[in-house]
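Next, two complexes with chain A in common: one pairs it with chain B, the other with chain C.
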Partner chain A sequence: MRRHALPWALIAPAVVLVGAGAIYPIAYVIWLSGYDYQPYRGGLMVWVGAGNLARVIADETFWHSLRVSAIWVGGSVIPQFMLGLGMALVLNESFRGRGLVRTIILAPWAVSGVVTGIIWLWVFDGTIGVVNDLLLRAGVVDFPVAWGIHEETTWLMLLLANAWRGAPFFAIVLLAALQSIEPELYEAAHIDGASATQRFRHVTLPLILDAVVVSTLLRALWTFNFIDLILTMTRGGPIDATKTLPIYIFDVAYQRGEFGYAAALSVALCMVLVAFSAAWWQLRRLGGR
Partner chain B sequence: MTIRTSRRGFLATAGALALPLGARAQSAPARITFAWPFAGGERGMQILVNRFNEGQRAIQVEMQVVPQVQAIPRLTTAFAGGAGPDCLAMSDAWLSQFAGGGWLENLDPLLSGTTIEQEIVPGSMQIARMMGGRAFYVGYMVEAYSLYYNRRLFQEAGIGEAPPTIEAFRDAAIRLTDARRNRYGYYVLGGTGWQFQQWSTWMLNHGGTGVARSFFDAAGRSVLAGPRHVEGLERWIALYQRDRVSPPASATGTFQDQTNAFAAGQVAMVMGWGIGLSTLAEGVGEANLGVAAMPAGPAGQYFYYAGNGFSVNAASRQKDAAWEFLRWVLRRDNMEFWNREFGAIPANMTVWDAEWLRAPKYQAPIAMIRATDQLLRHPRHLPGYASFQAQFAPEQVQRTLLGRQTPAQQAQAIATALNDLRARAA
Partner chain C sequence: MVKCTSVLARREAAAQPRSALRIRWGRLFTIWLPVAGFLAFTLLPIYWLVVSSLKGPGELFAFPIAYWPDNPTLENYTRALTETRLGQLYLNSLFAAGGTCLVLIALMVVGGYAMARFDFPGRSLVLMLFLAAQLLPPVVMLVPVFTMFATLGLLNTRGALVVIYVIMLLPFSVMTMRSFYAAIPEQLEEAAMIDGCTRLGALFRVVLPVALPGLVATTIYGFINSWNELLFAVMLVSSPNLQTIPVGLMSMTDEARTEYGMMLAIAVLALAPSLILFGSIQRWLTAGLSAGAVKG
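For the complex of A and B:
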């Protein structure tokens, strides 16, 4: 018994912190999702049971926001991963000034979402934006392009901004994984006559696969919940083209004041993310076999 | 199952626990918190807070600046948990939410022993009493939704003064537009930031208001779907779609984008609240900034007005001290100081004869606020109206501007939403 006491005592603070910081809020949101709670209307809490979740299923905006979220996550994570992998492969090589290049490449990761949004809004500004200026000077367009009024160009703006900010994350994680690969493995593959592509496919990729799975999963979850950039750049527009599920939940809670329903939407969001994570791990397991 | 949140129980327990501490610290000054949830005006208010703290020792105020974009989430969370600042400055746009939540103290008993109310412009007190006839805030500034124009660009285009009518407005906007030079007459605001006031003014000045300058007729139905109102909206939309007097990006542009475009000289006319006045003046130069009333239509000329005020947290344990502080801030000299510093119109009418308020940029909005028979009484007391304006309306007008629906469909959607809000409130 005494033998087990010390480990328990050592992890107790972490358990308490996780309990207070994560388990309690999750439990509270699940509890709240069973109520019609509108604090701006007097704060009465009326038990509706699964009524809110039934409302979620029938809510067209929920499904629309979920579709938008899928575009947001897919459109963000895939290019970020590709860019990040490319950056990691370059940074893994030896060249003069590598330390400086690493620092510069990783800098966007340190910039907050709101600041990133403002920077890219200026880049794409319809009056004084850099992109319009370059296009006008090059004679590609006669008038400045209104990037924010078309669905496609708005997505381009958002995904570029997010790629700029998110790619360094992949670069950091994948670079760490690349550096853990023994050089002897490459030498052996080289002696066996493997081409660069074959070395990448049969040596590099299997050995960084765990890092790829974990980093893409983490990044997908963060991107799904990432609200700052969209809120700053498009506020869900034009119309509702970029209204992701977290933006919708934010509006339901703090614009419409329907906290119970917003909690139910959050529970639904949580279920989607858990299902996605489980599917991703399952895919990894199958891939591992 | 219905339960009431246990805020009072919590406060009673917390109060009981705090009693011994309070008794021990009787001679210590009362410390209160004052929240300032606005992007501007912080400097002037901090000076007033410092003066108050230095002028006496009995009450010490700590000013907490809340970023404006986080104001509603943060204050809502704090209030709902029975916490929050002892007193705060707030926009009238949040009154229905915060007063509706039961989080603001009814100030009527506190006002009754003072002359404050006699000094405040009636329109501001009307806003203060929009929830059940009780005063939940005391105004410190008022503003009228106005037309701002660049005098230099007007002169260059050979236009003398601000267009007084919707017709003249269109003509001026066309003359001021030169798309090849990226110059436009007007900013058709389609994104967030009070665009509702722009196009609904066209509708109301074209089709008229409902009962007592409201949005509703005698039967309680919204008037905004009427054929004349739709015509007004069509004319506003045509400024963007047909006349092309506005930058293409304005369909989703925000109030900040509009301000930037005006300050950069890209756009000659914009509309908005007085809160952006100093930024606009800085951009085009004080002498170049013209301010005028919104243009009249065939059915008349109606104005939106609004304001900010001070409120006391209903759950505060220091209400008397909070009110004492607010009473001091609301003094004529303090109100003149802060409003002059920030460039706003004081809600305290006794300041209105001050020299600095005689500038034309203040006189136009003051004239609108004085025109009590033209001030719109929009249903800001309805729960959900803030969300309707901030979330529903921009999506609707963007749909129309971008050709996804007709003005008639927009007008119908707006009228239906307003009818629903009213029905739910009833």
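For the complex of A and C:
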């Protein structure tokens, strides 16, 4: 027994912290979702049982925020994946200055959501933004576009900013996957007369498929939860058009102070994420056959 | 590592008659144009931010817009330093990120070692806990962490952000350190122990120096993430003199446009440490990230 004392002593502090910081919140959220609890207004905890969950199901903003989340996740992950794959394929080639190019292209990964938001709000500024200036000069538009007040243009701005910051993640993961492929496989395919497209389709793609599935799933979950950029750029507007479920929960908890209802919404969010992950995994198994 | 494509390119070059021009044309479309496109997409927004921050108040809102300022000035930076809480915000962010890193180092150096080198009862349970914790949505933790910190008297303290950032970053850090240790041959500490080192002595004197690049990369990953964090910084700290840069910056987007020059300057100063740190350790960071990455 004593020989197990050392590893446990080494890992115990981390386990205690992570346990307290992860398991306790989940248990607390589930427990709290049965109560009406508004700490800024008296702070009485009133047992409402399934009342909160019933309220979630009847809450139109909840369903709306789920649809918005679907646009946010799909509109973020798909272009980010394609951009990231393009970056990875190019960075996998050898050319002069590759190290520097790689550092620069991957750098937006390290930029915070808030700074990303400020940069792109500035680029898309309604009066003196670069995008408006270029469009006016090219004669595409006659008047500056107020990007932040229309639903479609707001999405364009938001998703482009998120692609800027998010594509490097895919580039990093896919580049690692590409570099683990044996060069001999390409040579064999080349000798067998496979074209570049065929080599990509029949050699590269099957070998990076696992990395693709895992990275898109993780990125989808992470994007779903990511609210910094939306908070900075739109606060969920115009008129709730970009109010994702996490933004809605943040509003309910932080602005309205309804902790019990926020907990119930959080439970609903977890169920959505579990269902989505399970579906994605199932899809992968079907695709693998 | 030999690049497959370079091998192929050389073969094609050898097979074809020597026509340097033709080969360059091919590479123009497969490499240089995409590289130029990606570089422009990455750099132009940052360029526009930096250039705008160098414009004086008159020029910033002048029309037509100038792609290079006529009179570059550091006025926005000096005004931000003297007229805003920039210094305070910077110190608060440094404290949160630096404190987080110190605690993380202490815990992941030994924790990662335990996970890499020992098979102990409950190890797979710990693994599962760490994997699950990384997938936990931060917004779900918002209310419980707020209530827990209120009970512990941690709300509105300097320590609050350090505690929550350590909790959020620990699983990734320990797992990444584990993979760095696992790449080091175990004979190293066996030899040291034969020479009279204790197990921990061998870890600190022999193994850790070899794993140092990994430790640096993982620490900087933690620094960048806590430097950038917004959600808990908004929720757990409300007094202005304890706020971090992201919170201060976000509140500035609501202010009058006359303050925008200063906001852009602060954004540049918030961006600089992340980019410099990322650039200095990009090679190790990307290797480590793809080794045990779950977080984006």
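Keep this in mind: the second predicted complex is superposed on the first by the 272 of 289 C-alpha atoms of A that agree within 3 Å, B and C clash if a C-alpha of one lies under 4 Å from a C-alpha of the other, contacts with A are read in each partner's own complex, and residues count from 1 in each chain.
One rule holds for everything that comes next: contacts are C-beta pairs under 8 Å (C-beta built on N, C-alpha and C of every residue); 3 or more make two chains touch, one makes a residue touch a chain.
Just so it is clear, the structure is predicted and the values come from calculations on it, not from any experiment.
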Item checked: Overlay on chain A: chain C relative to chain B, clash or fit -> clash
Next item on the list: Go through the superposed model and pick first if A:218 touches only chain B, second if only chain C, both, or neither.
Entry: second
Check: For A:10, is the partner it touches chain B (first), chain C (second), both, or none of the two (neither)?
Finding: second
Margin query: With both complexes overlaid on chain A, does A:238 touch chain B (first), chain C (second), both or neither?
Written below: first
Check: When the two structures are overlaid on chain A, which partner does A:140 contact: first (chain B), second (chain C), both, or neither?
Finding: neither
Margin query: Let me test your reading of the model: by the given contact rule, A:254 touches which partner, first (chain B), second (chain C), both or neither?
Written below: both
Item checked: First, second, both or neither for A:127, with chain B first and chain C second -> both
Check: chain A residues in contact: does chain B have more, or chain C?
Finding: C
Margin query: Tell me the contact category for A:149 with respect to chain B and chain C: first, second, both or neither.
Written below: first
Notebook entry, point to check: Looking at the overlay, does A:43 come into contact with chain B only (first), chain C only (second), both, or neither?
Noted result: first
Checklist line | Steric overlap of chain B with chain C in the superposed model, located at which of 63-71, 351-359 or 387-395 | finding: 63-71
Checklist line | chain B and chain C contact sites that coincide on chain A, given as residue numbers | finding: 39, 127-128, 250, 253-254, 259
Checklist line | chain A to chain B touching residues, read off their complex | finding: 38-47, 126-128, 143-144, 146-149, 154, 234-235, 237-240, 250-251, 253-257, 259
Next item on the list: Write out the stretch or stretches of chain A touching chain C in their complex.
Entry: 4, 6-8, 10-11, 13-15, 17-26, 28-29, 32, 39, 86-87, 90, 92-95, 99, 101-115, 117-123, 127-128, 130, 133, 164, 166, 169, 172-173, 175-177, 179, 181-183, 185-187, 190, 218-219, 221-228, 231-232, 246, 249-250, 253-254, 259, 262-263, 266, 269-270, 273
Margin query: Quick check on the complex: what are the chain C residues that touch chain A?
Written below: 1-8, 11, 27, 30-32, 34-35, 38-39, 41-46, 48-49, 52, 60-65, 107-108, 110-111, 113-115, 117-118, 120-123, 126, 129-130, 132-133, 135-148, 150, 164, 166-168, 170-171, 174, 199, 224, 227-231, 234-235, 246, 249-250, 253, 263-264, 267, 270-271, 274-275, 277-279, 282-283, 286-287, 289-290, 293-296
Margin query: Can you tell me which positions in chain B touch chain A when the two form their complex?
Written below: 1-5, 7, 72-73, 76, 79-80, 96-98, 100-102, 179-180, 182, 191-192, 247-249, 251-254, 257, 260-261, 264, 266, 383-384, 386-387, 390-391, 394-395, 398-399, 402, 404
